[in-house]
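Structures given as structure tokens follow.
After this come two complexes, each holding chain A, first together with chain B and then together with chain C.
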Partner chain A sequence: MKLSELIRSHPYAKYAAAVMLFMLVIWIDTHIGLFSSRHINLMIRVIYYGIVALGFNFLLGYGGQISLGHAAFMGLGAYLTANLAGNFQINFLPVLLISGFIPMVFGTLLGLVALRLERLYLAIATLGLGVTIQQVFQEWETFTGGYGGVRVPRPEMFGYVFAYSHHFLLLISLILLAVMILSYNFARSRTGRALKAMRDSEYAARSLGVNLVKYKLLAFAASSFYVGIAGSLYAYAERFVHPQIWGVELSLDMLAMVVIGGLASIPGSLFGAAFLVLIPQISRTIPLLNRITNINFILTGLAMIFVIKFMPMGIYNWLELKIIMPIIREEVQIEQRHRGLGEDDHGNPGS
Partner chain B sequence: MHWQILIQNIVGGLETGSLYALAALGVVLIYRVSDVTNFAQGEMAMFSTFMTYTVWTYSQGAGLSYPYLTAFVVGIMLAALFGYLIERVFIRPTSESSLLGKMIVTFGLILVVNGSAAAIFGTDSHYMQRAVSGTVVVRGIVFTPHSFFVIGLALALMLGLFWMIKNTFLGLAIRATAQDDEVARMMGINTKRITSFTWIAATVLGGLAGLMIAPSTNVYTGMMSDVHLKSFIAAVLGGFTSFIGPVIGGLVIGIMDNLVGFYISTDWQTVIVYGFLILVLIFKPYGIFGESPQKKV
Partner chain C sequence: MAILEAKNLVKTFGGLTAVDRLSFSLEEGEIYGLIGPNGAGKTTVFNIITRFYRADSGQILLRNNGQEVELLDLKAHQIPEKGIARTFQNLELFPNLSVLENLLVGHHINLKTNILQEIFRLPSFFRREEKAENQALEMLDFFDLLERASRRAGSLPYGEQKLVELARVLMTDPDLLLLDEPAAGLNASETQRLAVRLRKIRESFEITLFVVEHDMDLVMDICERICVINFGQVVKIGTPEEIQNSQEVQEAYLGGEES
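Let's turn to the complex of A and B:
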């Protein structure tokens, strides 16, 4: 079978190809050492935030639900990993799955609350929940080590310890690929379509027989699972977890990744994650800008507002639609694009 | 001695509660008139307070006879200008976005305003004086006149605002725009100017709340995070669809916060208050005084 046919018959083969290529580059680099460890760490960070953005996209991009409390679920995943791997010496994969499943249970509970709340009230309730859980992290010292934080051992799988960050990068690239394929299939399935219908109008979706209870819970459960896994990877990558990070700022960053990168788009999620991770690094190298403290805050905020105003479908989707498509004249049947956040939905409040 | 402490706590709760109410009123005003949930209210208040603080230190340095009064008045004017600029530069161009889009614009504003404040004013924490200094002891109860000043100021502002909304033409225009901006426009109301005015008013309310809380939190970039969250909770608790709801919500949250902090635990204070909010929301999803909106497909 020819490669182009393979890509056409399995649309996510291009994700596999891209990730494999990336892994090949990294594998070659383990021998020649072109990237410094700082670069490798940045790539690791882009990948786990990419998983966060993929998860948050279920909620915001596909489901149209909002949450400002997901940083707490990421923190929960990270602390679970710290405890399971540190105190019980459990292997990487079971730790990863448990760190996803327990936040998923909490996410589903949050979804139950969300069933009754409109968008604005939901945003504030989740904000409150996020702050509350962060407070619990600070106070519950046996689990989290309080303000002192906890150390995390290196990931270990089948007796092999990932002591070298190149190898860990290869490992989490594979996890990213798995997550991307899962997301792809999820979005194209009956579930994904139901979520999009719910996003565009809850009332219309309900009248078409979409079970809102089921799909809202599902959106919350799936996104918390992803975010929990990303938290676990965070713990393994940074090898230290402290309570200050799991605040509202991180939840806002998650939102920014999805909005800037592209709603309901898998490459867009990765793009958004890369944007958020790299902006502080890049602005640090530009003269004049690097004198301004917190310039990355300003740039991220401006980017969010700019995207809402000019490319409400997100930068990646915009690029694909306006630049890439016309150039390669691809006549692929484009499914109906996410209409983004640009159109006024007056007369349809909060749905 | 027990009841004295109780009264002290309640007065303290009324003081912070009326600040929550002021900030919440700003949020609700903007929400009603322009359908924007301004999550950046707290950051904007912090920025206004920083401006007032800067005026205060300069007028002290210049040897003016009433530095605090000068800072108070100039600060209000600067806050009004700031609110006007934010509306003009960020909010008006994005007013055609979806509801979620407008909400996300204010999330972006949080980052922009917070980052700018750190860039302009630095990340240090500064002392700010009280409006009225000193303490008064009545029958074993320790009062600070500052708290009465705060409660009085908040009360005066709220009554003034309510009176204006109810009795003046501007208030009528605000109510009309809040109800249906299209119809209001057809009736010859300049809704853009009304939106601009509500942003100015809300920013001034937030700035005053910031200035009043500054003596107990100090002036720094994170000073408003607690007030901001609690004011949102107050607005949710009271319901976004009424103007009186957030005021009562603010007072309830303020008093409850203080009593829980004193009688139960300061460590778990925030957790308990948020738990209370989520409980209320489960049973009354639109707040205590809120009405559920009618919806069309």
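Let's turn to the complex of A and C:
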């Protein structure tokens, strides 16, 4: 099969295929109108949380560091966007980048804490910072509008205003594609390997010349940058930012996305984000379950336990290993039989 | 000319003196053994040289490529750049990385790509990455591990994991290699093969080997000079014959009349 071979041979093609699905939705929406704007908004939410999960994966999945304060960086990105786009009428792209860079600076400062602390202690310290920043959001009314929140204008790029949500979905899908490709390049390189090495054994990494200070800071910087950008996209998509959601629950959701979707997996991050976004939607439609308050947290917790116990590599890698790979392998074998090739000489990954 | 010279090293843990005014020196190109009873301070010496521990006092001079460096002024991650690399007593592989990736991390200090080249995949990235990968594959070939390249390192049998650790540390392109119990956990025939391999490593890569080992057959077989320590102090330094015939060494191991 041409397509499956392409997908197997180059990971970019896999990401492009995923993004094409979103494009297909847009096309169907404009021509047939099968999807309601609620569906479109859900997909937008999956994408910006996908970027959050990608960023958090650099911290947890690749770097082996933990933070329960990253919700604050997402909030910072969102408020920056609200102010820059609202008060200063700055264009979409510069706003997006600034909303990434400033949280990155704060994230790097938080990384300095990570140099001294590990595991549980690091989790508690970052949790404290997250709660503190959330308090600041609630009180600093000139910047955040306090409890009343702040409105965000529609995204504007090169004079074009994205007034329809499916146009914004198109834009944000392309951003997702770019982010996934850059993440892949980052992960499959000297830097990405150094992060994974640090996660697996700090001793060995240090003995081979990996500067732990540099790479810990880098893990925090990169993850806060992603999360800040996602916060900016959140602001543009929801068009209203209020301080209530930048709490511990969101930080824990980030953790759950990465663990459920797949540690150190780029498509897995997107899967995890989709899972966390869709759970409330699905549980709402099930009778009895929807009567229980906080059912989403219960389901997320159960899912995390299930994934850790039965598929520790995460949902995506499990699917690829158990479902997709056998199908592709079979296709390749059938095709070779037709061509009269006796055995697999394409360097099929053995065992 | 000595490649490594340690003078009056002292390291205490609380009230315990693990290394006590220890001095020794390694000649370039030799295989030097460091032995002693359990708790004599052998691994502590390695940890001081590689800057995992901070020595209380003393000096370690590295004379390499015409430069003289005081190791105790450096940070742990700068040690490999100066040409010193080590293995660990309890394997420290990156178990979730493939064997090839393990070796590429070993090449970390020699692979000069920066983040911009990496995320935008500039041509220089491909050139350097490919060169590093070829070097790693050659190294795996040297260790007869080529067909293991894409396997998860943690899934290999113990003996092969030890070889991967050796291959990985050689990827740093060291001039002095510190081996902490390379034969631990190996059976007799594997140990014999290791002896052959260590000599071959010394010839092929033209490096100095510094070995901490409990297996006396291996130490007497490969080392040209041996330093015996006990309670952090030198008992005797000499050739394998001198060590085997030494009264003091036997006392250190078996316990003497007094002390």
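Keep this in mind: the second predicted complex is superposed on the first by the 309 of 351 C-alpha atoms of A that agree within 3 Å, B and C clash if a C-alpha of one lies under 4 Å from a C-alpha of the other, contacts with A are read in each partner's own complex, and residues count from 1 in each chain.
The rule is short, and it goes like this: a residue touches a chain if its C-beta (ideal position, glycine included) is under 8 Å from a C-beta of that chain, and two chains touch if they have at least 3 such contacts.
Just so it is clear, the structure is predicted and the values come from calculations on it, not from any experiment.
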| item | value |
| --- | --- |
| Partner touching more residues of chain A, whether chain B or chain C | B |
| Partner chain in contact with A:L127 - chain B first, chain C second, else both or neither | first |
| Contacts of A:E141 with chain B and chain C, given as first, second, both or neither | neither |
| Which superposed partner A:I298 touches (first chain B, second chain C, both, neither) | first |
| Chain B versus chain C as contact partner of A:L255, first or second or both or neither | first |
| Which superposed partner A:L117 touches (first chain B, second chain C, both, neither) | first |
| First, second, both or neither for A:I308, with chain B first and chain C second | first |
| Partner chain(s) touched by A:N211 [first = chain B, second = chain C, both, neither] | second |
| On chain A, positions contacted by chain B and by chain C | 201, 203-204, 207, 349 |
| Chain B - residues contacting chain A, complex | 31, 37, 39, 90, 93-94, 96-101, 103-105, 107-116, 118-119, 122-123, 225, 229, 232-233, 235-236, 240, 267-268, 270-271, 274-275, 277-278, 281-282, 285-287, 293, 295-297 |
| In the complex, chain C residues that touch chain A | 50, 52, 76-81, 85-86, 88, 92-97, 101, 104-106, 108-109, 111, 113, 115, 118-121, 125, 129, 150, 168-169, 172 |
| Touching residues on chain A, where the partner in the complex is chain B | 64, 66, 113, 116-121, 123-125, 127-129, 131-132, 135-136, 139, 201, 203-204, 207, 248, 252, 255-256, 259, 292-298, 300-305, 308-309, 312, 340-345, 347-351 |
| Residue ranges of chain A in contact with chain C within the complex | 182, 185-186, 189-194, 196-197, 199-201, 203-212, 264, 349 |
